[in-house]
Every structure is written in structure tokens, then in C-alpha cells.
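The following pair of complexes shares a single chain, chain A, combined with chain B in the former and chain C in the latter.
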Partner chain A sequence: MSKKIAGPEIERLVQLLARLPGLGPRSARKAALALIKRRQDLLLPLADAIKTAVEKIVECPQCGNVDTVSPCTICRDERRDPSLIVVVEEVGDLWALERAQVVNARYHVLGGHLSPLDGIGPDKLNIGSLVGRAHSDDVKEVLLALNATVEGQSTAHYITGELARANVIVSRLAQGVPIGGELDYLDEGTLAAAIKSRRQV
Partner chain B sequence: MSKKIAGPEIERLVQLLARLPGLGPRSARKAALALIKRRQDLLLPLADAIKTAVEKIVECPQCGNVDTVSPCTICRDERRDPSLIVVVEEVGDLWALERAQVVNARYHVLGGHLSPLDGIGPDKLNIGSLVGRAHSDDVKEVLLALNATVEGQSTAHYITGELARANVIVSRLAQGVPIGGELDYLDEGTLAAAIKSRRQV
Partner chain C sequence: MQWSDEGVVLSVRPSGETAAVVELFTRSHGRHLGLVHGGRSRKLRPVLQLGNHVDAAWKARLSEQLGFITVELRRGYAGSIMSDGDALSGLTSLTTLTRLLPERDPHPSLYEITLFVLSFLDDASVWPALMVRWEMALLEELGFGLDLTSCASTGSTENLIYVSPKSGRAVSAEAGEPYRDRLLRLPPFLAKGRQAPVTAEDIRDGFVLTGHFLESRVLAPRNETLPEARGRLAATLGRAA
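This part shows the complex of A and B:
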């Protein structure tokens, strides 16, 4: 709003909402208006939830997950397989794997991927603590569940080197045709991976 | 997250963010993670902005706009033309007109449009107060800047009837081809309106 049409407080709310991923300036304005209009069922509960987040949410010192308890709920969960550590780039990846309910292990959140051009070297990621955990007698396998991108794969390559002296199997996710994927729409890299890793039926 | 992988506080934050317009479950999770990760430059300022919104933002008793002062900044602005009231459905429409900087008048926010099927009759909208304002000696014109939808136009029709006994000109926005619009992509209604209201060059 170029002309002054309201107190700066509303403009500030819009600007902060626009910094959230997925919200542009236009949807941030819509979100701010929804908050103001729906005071009881949206603004007050969100204010409360954000206050709680400020006060309670911490990073797990062991795996890098976020939670309101430390160590996090997953690290505390005795029913999880202690022999496997699943390495992910971000907490969102951990959530995706948990939603899929495909693995019952503990995680290690790197906090991103190696990106020398952005100044993100190994010291900026939680790699040292992963190497430490991998040397524990309990751990038999480290699964590198990193993104199938150039950055994800070069990060996986670096970590594989770092884990060379730990007594663990280092594995990575299978690559191939996604479930429901149509060959016509897949890129050459995916098709090449799917052919190379073909299985006998 | 079907399995318990974190305290309920994070899940609650995600659920509330997902209620904002424009954020689905997936982008709400991304937004929550961004908030948690960017504590200093995003979470704390947003917590503060929302707290301020809870405490300070009120609806203008005169025009229905939202602001931190009452009456709102626009109603207080002495440099605005007192003879024209621009009627809009929502505060977002008011913001859109102010961004365009095309009118220097005061507004009247209805709070929606008539929608009998949803139980929204004239008594649910700020129509009575509009009629009151239109009877003021200062006011010469009421511009119905409502959406060019069936609901917006039937609301405009109803308000025109209510303003019949006030000594004001009732006007509406022009309809036609939007700037940059390609005829091939326009609907029949727009083309019909553009032909009907054609102007000599």
C-alpha cells in the first residue's frame, strides 16, 4: 500500500506473512485479512500456537529434528530400530517419510545440503554429529535419504566418504519410475536409472 | 502425521496455518518449518505482529475498514473527497482500490455480498449504516464498486433500491474489456458488456 491507508501494524503483518514459503504478496494480504476477520477461530488460536512455538520448540541435540521435548519424540521412542539411521536434508523430509510410514528407525537431519557457491560447506551441516552416531556399536546401517538432486547426491557422496571408517553399511534410496509415473513424462535421468536398476520379475 | 512423531504443539501450528487462504496442508507444513527454522527473523517478529493485531486492530465503526485507530485512517483523512462513498464487499477490495490510487474518497465495507442460500441477508451486511451515511448532506454520490459476479451485482441492485430515497447519485464501475485483455480469451458476458457500452473514439 503506497498511500497511508492504515496503521503500520497491518502492513507489518502482511509483510511478515509474505515471507512464509508459498505466500506471495497477494496471498499474504488475503491471509492477513482472514486473520483479522476471523479473530476467534483463527487469529487468537494462531497467536497462541506461535507463542507456544516460541517458548517450547527446540532442535533435538541428537538428530536435529524439531520438537517440544529434548531429545525429540522419535529419539526417545524405544520401539524404533536402533541399528538404522535415516539421514535427511530437512525436517520436512523426515515428516514426509513418517507420513509414508515406511521406516521405523531414527533420523539425522543435516539441515540442508552442501552448496559451495552459497558458502555451505560440511561445517555448516550436522555431519560431524552423524559420524559420531555412526561409530556407536548399536548402529549397523546409515541410509542416505537425500534429495535426488545434484546437491543432494554430492552431499551423499561426501558423507559416504566421511563414514568410510565407521563400521556401518551406507545405503541410499532406490531411483526409478515413481509409482503412477508415465514414461512419456519422465526425464532421461530417471529413465536411465530405471533401466540400469531393472529387476527380474 | 498419523504416527506420533512430535509434540502436539507443532501439529497444531500446522493445522492453524492450513486454515489461512492460499495455504494447503503441504504449504502449511513448509510454512511451519520455515517459522521454526527462522526463529529470529520470522517466528519472533510474526509472534509480535500477531500479538499487536490481537490487541490493536479494530473495525472502523463508520465504514467497516480495519485499522489500529478508530475511526480508521481513511475516515480521518481530511484531504479525501467527502462527497463520494465507494462501496466495496471486503476490506481486500478497499486495499486493491487504494493500491491502484484511482480514487480519493472514503469507503464503505459491506462485509460480503447477499447470498440467500448461505443465509446472508441484508441484515448481515453493513447496509443500514450505508443508507444512514448516504443521507448526510455532504454525500453526493455512492459508487457501488462490487464484484462483477452474480452475487455482487444482485447486492448492488438491492442497495440501489435502499438508496432510492437518499439524495445521492448511485453509480457502478464500468464493465468491458480489461486492460491487456485478449478478446479470444474473454467470456461472452464481458464481450457483450464491452459492445453495449462502446464509446466513440
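This part shows the complex of A and C:
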């Protein structure tokens, strides 16, 4: 039986940190030690930040994004193109697109994808409000920026069907050779998609 | 314990940050699960898409353990149908329904049919009828095969156009006429010896037929329902009829 080396409060801190992505028990212990050593300038501000986040973070009622204001900062931003809605599976995907600064549009976060294995049907995704938004006069195009997986694309096709009555263009991300990709190293699924999506130059 | 086999990817569940628990439908070892190290990596994600045909090697200390699987792509079917919503629904339905098979129980003939269906998923004029035949084969493998060789009432092998929803046996046009509202339609492409082009209506009838027996004999006793993707597929094909 292993001996306990710290009090229950510290053990709990380590256990909770170990649940975070990228941290195992060993690295959680290191992180906990670093926090304890830098109690004033790191542990207390972090505790404050987490407490504030818990109190203030809300899901945007319009797009499903998370923010501390409602509607979220992106939905409030009047400089964004209101005619284009970019649909993503998760908030992480929205952040990825924002990081890349490739689109200046509004978003819609579905909260996942259709998954029969996990019992996630259309009713468990944020699709109804997307259809409502798509019927607004301002919206001209809905871009389905969903993962290039069987589940992601099945979800995209389902949404396309749901948007059939809305007067909008429904588009999706291109699929094919990534920047810096060498054909020799690409899987055949990507190659097949690239050949199908070929265009005249 | 270890084996090498080929299989079709049925499901992939994340395990930890980089691994995945993968479920395969293998030729000689049936439906089999195992942990794939790096299953969520950039390299393996394209390989571990539903419906892809892979070479697999399983290894565990004891046979009852989950064990570890290494995979290598043989043929990727998912990538070629990403832009076809119906084919994606068909693929999702096929992989979900295959999970009705008992674990580690080989079904080599169904495996062959599965590969055959997958190889035609990019041809919309062929795969819906193949999918109906695949569901018939699944029912057969699960012990609920339909007898479409002769009429349940008269024994005739001619003009079989109905199926009894109770017995799962074919019924001829003459014998079934008084009960036609209560009988299921037998599409010509499923009846032995009847050669005719497959119409959208035949496909719809085929899905109604297999759907009825899958629901009543396989899924209802397990308190399950048909996959939502199959419902969407049947609805789309039904609209086309």
C-alpha cells in the first residue's frame, strides 16, 4: 500500500488536475507543485479566474458559443458579415477558425455530431435554432464547416436537408490535399476526395 | 493470444487522449474490439473511418481481455462517399446494424456480402438493392431468415409477391389477395427466378420488408429501434418512389 505524501486538499488538487487533457497523474503532480510554490502570483489568480469563469460563462442563446456575455462577443460584433453563418461541431472548431482569421462571419455551434453509437440524434444537437436563423432575411449562405468524418458529413447532409426550405446557399468545406501535403503520403480516402473535388485551373 | 485477420471498421470510441477502442467486423473472428494505440492520431484517423477495410492484428495476454489491435488500411470506402448523403446514411446504418451480431462469433458469408456492398457504395444505381439483400443476409445470420422460395399457403413457387409479416414466408398473388392489406410486398428482385429492373418502389418495399423483421424479431426483444440513419435512408428512398 502506498503511503500518502500530502494532505487530502493537495491530493484532491492533483486528482482534479489529472483529469485535464494533456495531464496524467505525474504531470498533474508537477503542475500542483508549481501552483503551490507560486501561491501568490499563480495559484490565487488561477483560483480567482476559475471562480469568475464558473460564475460568468454562459452559452450564447443565438449561436451556442461560450462566452461571459450573452449574446456572445461574436454575435454582438457588427463588423462581421451577417449574411454568412459558419456551422461547426464544437466551440474548439470555432476557435480554430478564428485563430486562422480566414472568415469574418457569424457562427453556429452544433454541440457535436450525429452518432447512433452514442444515441445522439438530431434532437440532441443545436439544429432547430440554426434552421430558425437561416430563415432570417439577413442570412444568404450557411457554410457547413464540419469534420471530414463519416459522422461529420452525415450531420452535414442532414442539415442540408433541414435547410432545404430556407432561402440560403448551403456550402461545405473543400476536401483534398492539405497545404504541404505530399501525394505519396496521403491516405486513399483523402486522395479520392481530392480527385472528386478537382477543378479547372 | 494473437491473431491476424482482415476486417471492416464498425465503430471508434476515443480512449484517453490518443488511443481509441475500435470495433471491427473481421472475416474469421467476427465482431471484435480492441484498443488501438494512437487511434486518434493524424495518421490513423483517416484509416479508422467507419466502413473502411483494414488488415488487423490483435494481441492480448488472455483471450477474454480487450487486447490491442494494430491496423493498416486495405481500402478506404468512407472517403469516396463523403459527398453522398444517402450512401453515408447507408454506411452508418450498415455499421450500426452489424453491431447486432454477437461478439467474437464469425460470420464469414455476411462478411463477404458486407465487403461487396461497401465496394458499390459509390454507385447509387446498385447499392440500395444490395443493402436490402445485406439486411436479408443479416436476418439469416441472426437466425431469423425469411423463406421466400414458395408460397406459405399453397406451396406454389410462381407469382410470389407478398410476405407474411408473421411467418416471414412468401405468399403468392392468388393466396394473398384476400389479405393484401396485411401482407408485406415482396419486391421482384428478392423473389427467386424473377428478373426485372429494380425500381425505387421496389427498394422502398425491400426496406419496409427487412425493417419489419429487424424491428419485430431482433430489435424489439432488446428494447432497441432501427438506426436513425436507416430511417432517413428509407424516407429518402421512399420519396424517390
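Following the convention adopted for this analysis, the second predicted complex is superposed on the first by the 199 of 201 C-alpha atoms of A that agree within 3 Å, B and C clash if a C-alpha of one lies under 4 Å from a C-alpha of the other, contacts with A are read in each partner's own complex, and residues count from 1 in each chain.
As a convention for this text, a residue touches a chain if its C-beta (ideal position, glycine included) is under 8 Å from a C-beta of that chain, and two chains touch if they have at least 3 such contacts.
Not measured: the values here are computed from a predicted model.
> So, does A:G22 touch the first partner chain B, the second partner chain C, both, or neither?
Both: A:G22 reaches chain B and chain C.
> Quick one: is A:G161 in contact with chain B, with chain C, with both, or with neither? Answer first, second, both or neither.
second
> Just checking: does A:R79 make contact with chain B only, chain C only, both, or neither of them? Give me first, second, both or neither.
Neither: A:R79 stays clear of chain B and chain C.
> For A:L42, decide between first (touching chain B), second (touching chain C), both and neither.
A:L42 sits against chain B, while chain C stays out of touch.
> Looking at A:A192, would you say it contacts chain B, chain C, both, or neither? Reply first, second, both or neither.
Only chain C is touched by A:A192; chain B is not.
> More residues of chain A in touch with chain C or with chain B?
B
> Which parts of chain A are touched by chain B and by chain C alike?
21-22.
> For the complex, which residues does chain A have touching chain C?
These residues of chain A touch chain C: 21-22, 114, 116-117, 121-122, 148-151, 153-154, 157-158, 160-161, 175, 187-193, 196.
> Can you list the chain C residues touching chain A in their complex?
Listed in rising order, the residues are 11, 13, 17, 45-47, 49-52, 73, 75-76, 78-80, 82-83, 85, 88-89, 91-92, 96, 227-229, 232.
> Within their complex, state which residues of chain B touch chain A.
It is residues 1-7, 9-10, 12-13, 16-17, 19-23, 27, 29-31, 33-37, 39, 42-47, 49-54, 56-57, 65-69, 72-74, 90-92, 94-95, 98-99, 101 of chain B that touch chain A.
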